[in-house]
Structures are given as structure tokens and as C-alpha cells.
Amino acid sequence: MVENVVETDTVPQGPRPRRAFSRTNIMLYGTLIVVALYYLLPLYVMIVTSLKGMPEIRLGNIFSPPLEVTFEPWVKAWSTACTGINCDGLSRGFWNSVRILVPSVFLSIAIASINGYALARWRFKGSELFFSILIVGAFIPYQTMLYPLVIILREIGLMGSLWGLVLVHTVFGMPILTLLFRNYFTAIPEDLHKAARVDGAGFWGIYFRIMLPMSLPIFVVAMILQVTGIWNDFLFGVIYTKPDTYPMTVQLNNIVNSVQGIKEYNVNMAATLLTAAVPLLLYFVSGKLFVRGIAAGAVKG
Amino acid sequence: MTAQDSQVNSVEVHDLDLSFGALEVLKGLNLDIPQGEFLVLLGSSGCGKSTLLNCIAGLLEVSAGKIFIQGKNVTWAEPSERGIGMVFQSYALYPQMTVKGNLSFGLKNQRMPKAEVEKRVARAAEILQIEPLLKRKPGALSGGQRQRVAIGRALVRDVDVFLFDEPLSNLDANLRTDLRVELKRLHQRLGNTMIYVTHDQIEALTLADRIAIMKDGVIQQIDSPKGIYNKPHNRYVAGFIGSPSMNFIHGRLARHSDTWMFEANNLTVPLNKYDFTTTPEPDMPVEFGLRPEHIALGDAATSQPVQSSIVVELVEPMGADTVVWSELAGTEFTIRTDSDTSVSHGDQHPIGFNPSRASIFSADSGMRV
Amino acid sequence: MPTDAKRPLRIFNNLSAKIASIPMILTVLVVFVGGTAWTVVHSFTKSKLLPKLNFVGLDQYERLWSTRRWLVSIENLALYGLLSLVFTLIIGFFLAALLDRKIRGEAVFRTIFLYPFALSFIVTGLAWQWILNPDLGVQQVVRDLGWASFELNPLNNPDTVMYGILVAGLWQGTGLIMVIMLAGLRGIDEDIWKAARVDGIGTAKTYLKIIIPMMRPVFVTALVLIASGIIKLYDLVVALTNGGPGLSSEVPAKYVINYMFRAQNLGQGFAASTMMLVSVAIILIPWAYLEFGGRKRG
């Protein structure tokens, strides 16, 4: 009895008052929902516009859902939209981008991961110096290196070709990827590396047999980083390729911002969505890893 | 090294220097380890003990000096060519390989025939009793099991010298004691030379044939555990070994007629039973070191050659025995006594000790007198 | 007699690592150091269609700083840069703080705020160009609702065009800063919040006086990130306005590319790109000194 009395005196009885609809919570969720709607708005507008016919766009409201859904703009954007004299749609740019993307991602990750591994575990005289310049290089505006690269590509006969662009992406992807891999490999206990050396494994043996199998997550992160970055690139594409080899972003800009003809907003939006599809899909599928990738790419040093 | 040396040392280190830039980590270090010895490198962190081990293993490039293993100059040899096996603190098991894969990785790198690999793995697994674990991956093992596998990886190499880099530090206290005993048993069974790095003095005292105590890249003393404990060469070794650590009383040596005396504030100790290492000088400033466990408290004190008394300031019961904190001759003074003695704060008690068990160090050089 | 092993030659030491690093060394030496130096050297020449070493001293720079197009570019970048820096930091931190209040559906909100970052600047630019379209976009929708004098046509007005670009830029980039800030907030010890509660400090005050000062490194990272993005501003302008109306939304990066690849006046392009390099150095060197020089001493 005595114990009970004490308890009622000091501890509030019953469940804690529910605070789900407190003023703070309403404001918190209210703000979040409004902001979220704002962020979603452009995507929504692009989608509804791409599904409308031109007459409906001219008469109607940019926000209203399509009265009559049509996929014609998508078909046109993909296969017959014109850039200059070429009228085979975005498909050409899409396949160019794929052909640029696959070797660029592979090559840049292969080189950067080996660099990072050498920098983490096999330092030699000068390796840290090169690494420091590499990281400083990440901050140099691309504009100061654009023309020398034009000359280099011309000299080795790759100017205007897909492989030239692959090389450019490999070079400019190197600082951030090397940093990413170096930090990851440095965090793997050094004892493991020592044990493998006692076991008689050398530079390549340790890389392929020990480090690589342990590092799948970081390879996925690097892949996400590169796929998004290379797919979205415009600057290098516009400079180092020619109309035949333009990547998708360049072709998209040419289609939408071409001055000739009447503007077909529905086709334009379909084309824009088509170009956005690859990174968006990757983003929604990879979720947390994507966040890790950009955070890793962002948080330097 | 000459041919007439009848007994080849298992490991020899000659005048080893190692520096990283301006930082000298090891300085002119010499070390001979006879065949089959269990040598422990002991010291606090940063003393260079792990660095020395890594040099012997070939994982660090030395700046100067030579290293011989089984009579072969291996100073510039690859780690895998030195005839060593190594066990690491963090186990360093390859996470993506099974236990069997971990054990056989090194042998496969040597392109050893499959049958021989199987035989060696089986033998190591039998010795360490890890046969049921062979198909598992390290992630599915407990800390103790992982460390066994790590030892197994050294074992399969069938080498003469085993190197251990703080192998038990990551384990909890009970497991550490168990594995310590097992390691000692393993050494008795195999008879290999073992070099073992640790900062844990209990591990060192229990395992070692000889202990090398290191500080600032220099070996301070290399001796049997008993020698290190009873006759520390210098003040550092004396203070490092033993817990609670040795009591040190500052004072001077004086000579009265034929007897040397130690004199401090209000304490005079005749040293006729003390075994001097060097010739003492009159009026020499010294530190008089006395281990807490070599001091008798209460009734037992009367039978000791030197007697005094203390006032108890603090009592720390530690189970098997009790540590009494007090003051003697103006310095902090601890006494270790068995837990049956009843002492409490503020009591005055007689104490007694035998100067032959003391250690005296020159206050200037820190060396044993 | 033990054989006396010889110390191996230095070059062969670690040979595989050196071979493996050749691509990195080439990139650093040829592209980063060599390319930059080449451009700087050629900015002092009269190069037109082809790069030539006919030095003219500072002529290109004098011309650059007397060209209206360049001056507009610099002004635009300064305006865009300042506003983008301030708003990205504020919005990014604000969103992160909201998401850090242990809310339900955090993952959904985070996904929504971050998705624009997955899109290219070209896509971003084209989407906002359409939304801000004066005839069919938001302006028309509001006018149709009865507010006939409503005006939202930033892209076709020289005075407001940079703000239009800013809106698109913020939409694309704030999510990234939010993620970084959120990671920073998550890195703060839970006990700090408990201590603040025990001390009776309000939420807003805790953020302002305790949390934000603790997040200094995160803010520095975000700052460097936003700043390096600002200098690169190019694709977004090309997609939204292509520099128009007139010259009113030109930016330095675009100036460089125009002179190098369209106007065939290489010397001008090199001088402009060298100026970009100098401005980056002016921002980065004090920062690097504070961050790394200070750390060594501390």
C-alpha cells in the first residue's frame, strides 16, 4: 500500500499525452509537405505535358492532367524529332551515350581503384605529391584544360570520336574516384595487407584476391557516381564530339532549343524525360547507395 | 657470422636502424634469439616493439643494419621468403574466404601441390581443434576462434619462426587467459622460435623465456622474467614491471664505518645485505626502490631486518590481496598485503622489509647501482 | 656462410605500384599541370584560330576587361554565386534540420528533395524553361485564375533573368547540401541534445548556439562544394536562356567556350579561362591555408 502511494505521488498516471497533432508537428509536417510538392512540381509538369496533344497544351493549364492521354510525343521524341538535318530523334543520342558510358565507367573505375589501392598501401617516393596535385586538379576550372585536351586528342587521332570522350571522362573522373578508393582502402585494416604479404601475395595478388572481393559496395558507389556524372555531362560532349557522336544531353538541348519550326512542348518534355530516365531510374533503384555515393563524392578530404 | 659458430641463432638483428624521415624509431638495435626461444618484446605503445617485429617480418624496410633468420641474411627478402609466420592483433583473416581458404591461401601462392596443402591444413586444424570450422567464413566465428585460425595460418607455413603482434589484445579477459595457456602449450609442443609483442606485462611474464623491454626504440633490458622482475637494470624497467608499481624513495648513499647506508628524510636503511652491481660513491643521489609485495605489514614486520611505521591513507581490497596506500619518507608508498590483514583508514601500522630485495638506482643516470 | 643479400635497386622497389600509377602520373603531369600551364602561357599570345606563341604581353587581358560581355558575365556570376551560396546553405540546413526531427516518412521526403540532383543541368534548365514559359506556364495559369496583371516571366527580362536561373539552380542543388547537412547532424552526439534539454535550452537556440558551431567542418565542405559548382555554371545557362536576352545572362564559363570554339579567338578564351583559374585560387588558397596549415600547427 505504502509503495503504491509513493508511486502515485511521483509518477504521472496513465499514458503520456498524445502529441501527434501538436502545433509543432502540424507545422513540421506542413512545411515538409509544401516543400516536397514544390520539388515534385517540375517532374509532374513534365510528365503531364508529355502526355498531352499540342492543341490541349495551347488551350489548357500547365498543371492540369491530360484529358486525352497520348504517347505520340514520346514516340516522336525517340525516333523522329529533328536536330538540324538529322531527323532520327533522340535514339541516336541515347545509343551514343550508352557507348560512351559503358567504357568510361569501366575504365575510370578500374584506373582509379588501382590508383587508390597503390596510394593506400604501396606508397612510393612522390606518390603523395602526385595525389595532392590530383586533388588540387579537381578544383581547377575545366576551361583551362579544355583546349590542351583538344590538341592531345587530335594528336592521338581521337578528336570527335566516342573514345576521345571516354578518355576525357576517365581523366576528369580520376581525382574524386581516386580519393574515394584511397580512403576506402586505407580504412581496411593494414594487418590484412601484411598478412597477405606474409602469405606471399604481391601487388596484383592482393588487389584481385583480397581487396577487390572486399570492396564491392564502394565499387557500386563509384559506379553510381560515374554513371550519373557521365550521363549528365554536357560540356565535354559538346566540345569533344561531333553531331554524329553527340551524347544524349547535347542532342536534347539541340532538339529543344532549336530555333527552327514551331515549338512542340509535349515532344520536348518527352525528350527531356527520356534523357532524365537513366539517372532517375538509377536513383530510385539504388536509393541509399546513391546517397552514399554523392556524399562520398561531396565530402572531400 | 662465421662458420665456426656451432650454434646458429634462429633470429639475429645487427645494428638495426629505422627512421621515417627525421623520426628515428629504432636506433642501432641488436638482438640474438636462440633456436626455440619464446621471446617477448614488451613496452608501452610507441616504444618501437611492433616496428621491430614488422622489420623482422619484412613488412617495413629498414634504414640500416642486417637481419638474419636461420643463418640467412634476409634483410631485403620479401616477407613470404623469410621463413616466418605471423599472427596479428586484428586477426587479419580474409573475410571473403572460408577458414580453409584462409589457411591455404599462402600455400597456394607458393604453388604447393594440392595434396600437400590438404595435409598441412588438416594437421594445423587438428592441432588447434578447428576442424569443424573449416567451411565457415571468419564473420561467423567468435573472437577466440578467429584468433585460432590466425595462428593456424602461421602454423600451416611450417616455418621456424613465429611472430605474434599483440595477438590477444582484442579478446576479453577470460578468453585471453585461456589462449595464453594454449599458446604456451603450442610452444612446448612445436618448439619453434617465437617472438611475441605485447604491452601486457602479465602475458610477458607468463609466456616468455626471455623478455626484452623496449623504450624509445632501444632495448632497455633483455632477461628472464625473474631477472627482469628482481633485478631491473634501470629505473624505467623497475617502474614498468609490477603492479602496483615499485615504490621509489629519493635519498642519498652514505658510508658509516664499513657499512653503506641509504638516507632519506627520516629513514635510514643499512645496505650490508644489498648486492651492489656497481661500486657506490658516498653522497651519491639515488632512488631506493621497493616492491609493494616485498613489504611486510603488522606483526610480520617484526621479523624483517629494517622496520618503520606508516599511517594508512587508503585501502584498496583487490580480492586475493589488498593494497594499502600511505606515505613514507615524504613520498607516496604502497604496500601489498594479503586480504586477511585488517587495516583501515587512519590506522598506524609497523612495516618491515629486507634491503636485499630492494633495487637502488642512480638518480642521475637511472641505472642500477 | 650466409649469403650477403644486396639491397635491391630503388627503382625496382615497389615496381608494380609505380607501373600501376602511370595513368595517374600522366594525368597529373600532362593534363592538370601541363595543360593548365599551356593555357596560361598562351593567354599572353595573339592566338586566333590556332594557338601560336606570338606574345603580346597583357593585351588579351586588357581587351578582356574592356569587353562588356565579360564584365556582364562577372557581374552575373557574382550575383548568382552570392545568392546561390546563401540560399543553398540556408535551405539545405533547414531541410536537414526538419528531417532530423525524428519524423515519419523521412526516407520519402529525402528521396523527393534529392531527386533533382540526379538530373542533368540541361534537363533542369529545360523543365524550368517550360514552367516559366510566359504564354503557357505558371504566369498564364495565374492570369487565367483572374489575376490579369500577374507577372512571372523572369527569363525574358534582363533585370530578372539571373533570378530565374537561380530558382532552377537551387531546385537542382539544395538536395545535395541537405544530405551533407543531415549526415553532419546525425554525426552529432545524441548526448548533446540531452544535455541541452537538461539545461533547458530551446530547440532553435540549441541549433543556433550549439549545433551549428559544432558543424563547422560540414559547413566548410558544403561551402567549397557550392563554390566549385558556381564557377562551373554553364550547362544550366545554355539550356535556360543561352545567355539571353541579349547578353544579360552570360557567365564566364560560357564566355571562354564562345571565344575558344565559336569566335575562334583562342587568346581571348585563354585569358578568360586564366582569370577563372585565378579567381578559384583566390578563394581556395586562403581556405586551404586555414584548413590544412592551421591543422598542422594545432
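So that you can tell them apart, the chains are marked A, B and C in the order they are listed, and the count of residues begins at 1 in each.
The rule we apply is simple: contacts are C-beta pairs under 8 Å (C-beta built on N, C-alpha and C of every residue); 3 or more make two chains touch, one makes a residue touch a chain.
Everything numeric here is computed off the predicted structure, so don't read it as measured data.
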Considering only mean CA positions as chain centres, point out the chain farthest from chain C.
-> B
Chains sharing the largest count of C-beta contacts are A-C
Averaged over CA atoms, how far is the centre of chain A from the centre of chain C? Could you give it in whole Å?
-> 16
Whole-Å distance, C-alpha centre of chain B to that of chain C, is 56
Provide the list of chain C residues touching at least two other chains, using ranges where the numbers run on.
-> 13
Residue ranges of chain C touching chain A (in the complex, touch as defined) | 13-14, 16-18, 20-21, 23-25, 27-28, 30-36, 38-40, 42, 51, 95, 98-99, 101, 103, 107, 109-124, 126-131, 133, 136-138, 140-141, 144, 171, 175-176, 179-180, 183, 221, 224-225, 228, 231-232, 234-235, 238-239, 242, 252-253, 256-257, 260-261, 266, 269-270, 272-274, 276-277, 280, 284
The chain A residues in contact with chain C across the complex are 28-29, 31-32, 35-36, 39-43, 45-46, 49, 57-58, 61-63, 111, 114-115, 117-119, 122-124, 127, 130-131, 133-134, 136-137, 139-149, 151-152, 170-171, 174, 178, 202-204, 228, 231-235, 239, 249, 252-253, 256-257, 265, 268-269, 272, 275-276, 279-280, 282-284, 287, 290-291, 294-295, 298-300
Chain A - residues contacting chain B, complex = 189, 191-192, 194-201, 205, 209-210, 213-214
Touching residues (chain side chain B, partner chain A) in the complex = 54, 57-59, 78-81, 84-86, 88-96, 105-106, 109-110, 150, 153, 165
